[in-house]
Amino acid sequence: MTKPYLELQGLSKSYDGRTRALDGVDLTAAKGEFITFLGPSGSGKTTTLMLIAGFEAASAGEILVDGAPITHVPPHKRGIGIVFQNYALFPHRTALGNVMFPLEMRKVPKTQAVEKARAMLALVGLERLAERHPREMSGGQQQRVALARALVFDPALLLLDEPLGALDKNLREQLQIEIKRIQRSLGVTTIFVTHDQSEAMAMSDRIVVFKGGRIQQAGTPLEIYNRPVNDFVARFVGDSNLLPLLLTDPTAGIGEIAGIGPVRVPAQPGRKAGEAATLLLRPEGLGLAGEGAINTCRMQVETVVHYGDSALLVGHAGQTALRARLPGLVAQGITSNMEIVLSWNPASAHLMPAVMRDGFQNS
Amino acid sequence: MSAVPAPARGSLGPWLLLAPLMVFLAVFFVVPLAQVAVMSVSDPEWGLGHYAEIATDGFHLRVLADTFFTALVVSFCCLLLGFPLAYAMAAASPGWAAVMMVVVTMSFWTSFLVRTYAWMVLLGTRGPIARVVEWLGFATPELLFTRFSSTVAMTHILLPYMVLSLYGVLKRIEPSLPRSAASLGATPSSVIRHVVLPLAAPGIVNGLTLVFVLCLGFYVTPILLGSPREQMVAGVIGQQVEEFLAFGEASAMAVVLLASTLVVLGLYHRRFGLDRLWG
Amino acid sequence: MRLALILLGAVVLAFVATPLLIVVPMSFSTAVSLEFPPPGWWTGYYAAYFGDARWTKPTLNSLGIAAAVAVLTVALVTPATFAVVRHRFVGKGLVNLALMLPLAVPHIVMAIGYYAFLADIQLLQTFPGIILAHTALSVPMAFLVLSANLKGFDRGLERAALSLGASPARTFLHVTLPVLWPGFAAAALFAFVQSFDETVVALFISGRDTETLPRKMFDSIRTTADPVIAVVSTLLFFAVAVLVIVPVLWRAASRRRLEPRP
């Protein structure tokens, strides 16, 4: 593994000495990586960002950038570019004035500063609006100015705190692509905070899922999606069926699901017969059973939602609740109160620790 | 969250920032005020003589009672006049509302003296009202230097306080509330009675308190166009100092006036909390 | 009922507006005493005002005093406002209350107090005496205005400035102050107008040489009902008009000018 560029070691934060907003966070990031902090509100993702930025002091732990600890460095000396949720553009300065601000603070000579600032505005496609004040610009334009301002001084890191939350869907998707493109071309290590899982999936090299002040899982988008380590991650990213399963023959890879019967799962050589587990089956992994299909189940369809390109079937097999997503053309004839036979490929399901009866999980 | 990590509890920072102002107020506000209290019991000789006099002397008690009564009358007149205006302002289109706001604000900022003078013109024997009355065939009315002229002028001067207080609450009523009341069957007057008025209550109380307290201590207008035989407290205090140099007596009355004001504000604070008064 | 309320409101508006407007024609009247409608029109009393030192001196006195009061008030109130709005400390509620206290005391009470106090420290009927008294009386409103502005200030701007490399001191200078200046201006304006219009205390603590305009007006109205009062009133009225109407027009114009363009 290449030398880590950003390291978080045992980072903890408590505001009142009792509850921990952050509880021992460990993370490394390589230079140029685009990492997304994903999680619900209160999960600790924004707190971690604030600690990295220096606006909050850690209760314990260290933060290292390129090998050097910055844990006790005041925020104005950290050289980290930040894009805030509400942009925080200086209302009394033009777009150009805003972008020039960090260069002025670093005593860059005026002509050079103007040149660099203009170049950065051009990079985000706003060279025409250089003389405008923030209140004369739309939300999307302000966001891009904020980005230019945060990048113009070649920061060690770029932090983005839910920057696209206030924008409408189309604009958001446009800016997601923009941000990714700029980040790629500049190669700056980036941390992006969001609660929107599709945004995280679209933009990240790696996703870090937060819950309760702890990291639940860190991995590539596909890893997070296809092999979540627990039911929280499984449910947070994408739609899921979490089916309680009993391992009847672990070495051969056979288990039993109530209401469905015996199913094939990936072989589990280390485990004992009779152990409980959870099978993660994404709805799109289910298809209409063909001839000689394995892993079949009979599903009572209660509701069908046709999206055009696909259809979501909600129902149950026995007492086990089930959700299936079929391609639109295939699902055309299906209505509620029908019984259909579905099947899935054992390799596309994922085995996870068992979820206990009261909803908690061993992990 | 602070831009710099917040200083530890009990740090010196805020007190250093507050010091100049607090010291200034201690010297140039508290001391003069304290002197009034001291003079009330020390001039011309030590003792509570002035207070005894106030409590027993018919003159002083009458002045106090008159002042309270006038303040009450003015407060309620301000409410009766102010509510329709505030309501109209809140209900008007933005253009008209702006015009009305400009008028009210201008009245608010125009000096008491200027407005008092204007009322002297309006109510004078050669003023427009007198002319109209004469033209209608009646005797020339003597409106100035009466309790009436003083009350009307004070109402006019204090009206903006009431209007602005009411407008603030009325404007904050979500338009969906009266509309949902209407959809549930309330007639327009019911909506006003059961939705608007209760929601406006804090503004009403605020306005009444503010106007009452300001009216209690009113000096300029009652002296210039009030009745010389029915003075208000502030005028009496001023007269005792100016004409008789009776500092002790004046101070005692001043303390009584201040105490009354503080009692009213204290009652308000008990019930609502004073920070609500300033909005 | 709604219509009745609105009509009544319009009537009240006329009640509010009429006395304000009546001073203007009075200032051009040829009458020697209060008379409306005026018997004739001329600008003689304007000439009388501008040419008479007995009126111009108090005017200049008041302007100078009010300016000094505005500066002193803002200087004292600013650090205190930052302390109260941005710090948590024991006794904050009491401090808040203490700063508002001068508003609760009737001016006549303070007037006698200042009369005795300033006499004791030999500042009676002097400019410094008046300035100090007026400043104490202006503090609450200035504090209210400034703290409202400060509370509405977006702290994120300061954090952004820090992240961009500005030290806390430079952040205050380059970001906090420039964005906050309307609050300072408003506080200074409140203090200025308070002092300029203040009558009661000035009656007791200003002297012949340090006479303020309100004192002159008060004495005038009381003794002679000098028609020049109408002139002063009109001038004050227009000053207020400018004060009130200009910001409204400015805001309307800037709203039209600054709509987001594609």
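Here the chain labels run A, B and C in written order, and each chain numbers its own residues starting at 1.
Simple rule for what comes next: a contact is a pair of C-beta atoms (placed from the backbone, for glycine too) under 8 Å apart; a residue touches a chain by one contact, two chains touch by 3 or more.
Note that the structure is predicted; figures quoted are calculated from it, not measured.
Think of the whole protein's Cα atoms as having one middle point; the chain whose own Cα middle lies nearest to it is C.
Seen from the Cα centre of chain A, the chain whose own Cα centre is farthest off is B.
A separation of 59 Å divides the Cα centre of chain A from that of chain B.
Chain A and chain C, compared by their mean Cα positions, are separated by 55 Å. If each chain is reduced to the centroid of its CA atoms, chain B and chain C end up 17 Å from each other.
With touch defined as above, residues shared between interfaces to two or more other chains in chain B number as follows: 1, 3-4. For chain A, the set of residues touching two or more other chains reads 55, 74. Annotation for chain C: residues touching 2 or more other chains are 159, 161-162, 168, 171.
Note for the complex: chain B touches chain C at residues 1-4, 6-7, 9-11, 13-15, 17-18, 20-22, 24-25, 28-29, 31-36, 39, 81-89, 91-92, 98, 100, 102-107, 109-122, 124, 126-128, 131, 156, 159-160, 188-189, 192, 213, 216-217, 219-220, 223-224, 233-234, 237-238, 241, 247, 250-251, 254-255, 257-258, 261-262, 265, 274-275, 278.
Residues of chain C touching chain B in their complex: 1-2, 5-6, 8-13, 15-20, 22-23, 26, 31, 33-37, 75-77, 79-80, 82-84, 86-90, 95-102, 104-118, 120, 132-133, 135-136, 139, 144, 155, 158-159, 161-162, 168, 171, 193, 197, 199-200, 203-204, 214, 217-218, 221-222, 225, 229-230, 232-233, 236-237, 240-241, 243-245, 248.
Interface residues of chain A facing chain C in the complex, by the touch rule stated above, are 53-55, 74-82, 84, 86, 88-92, 101-102, 105-106, 133, 135-138, 141, 149-150, 153. Residue ranges on chain C touching chain A, taken from their complex, read 154, 156-157, 159-168, 170-171, 174-175, 178-179, 258-261.
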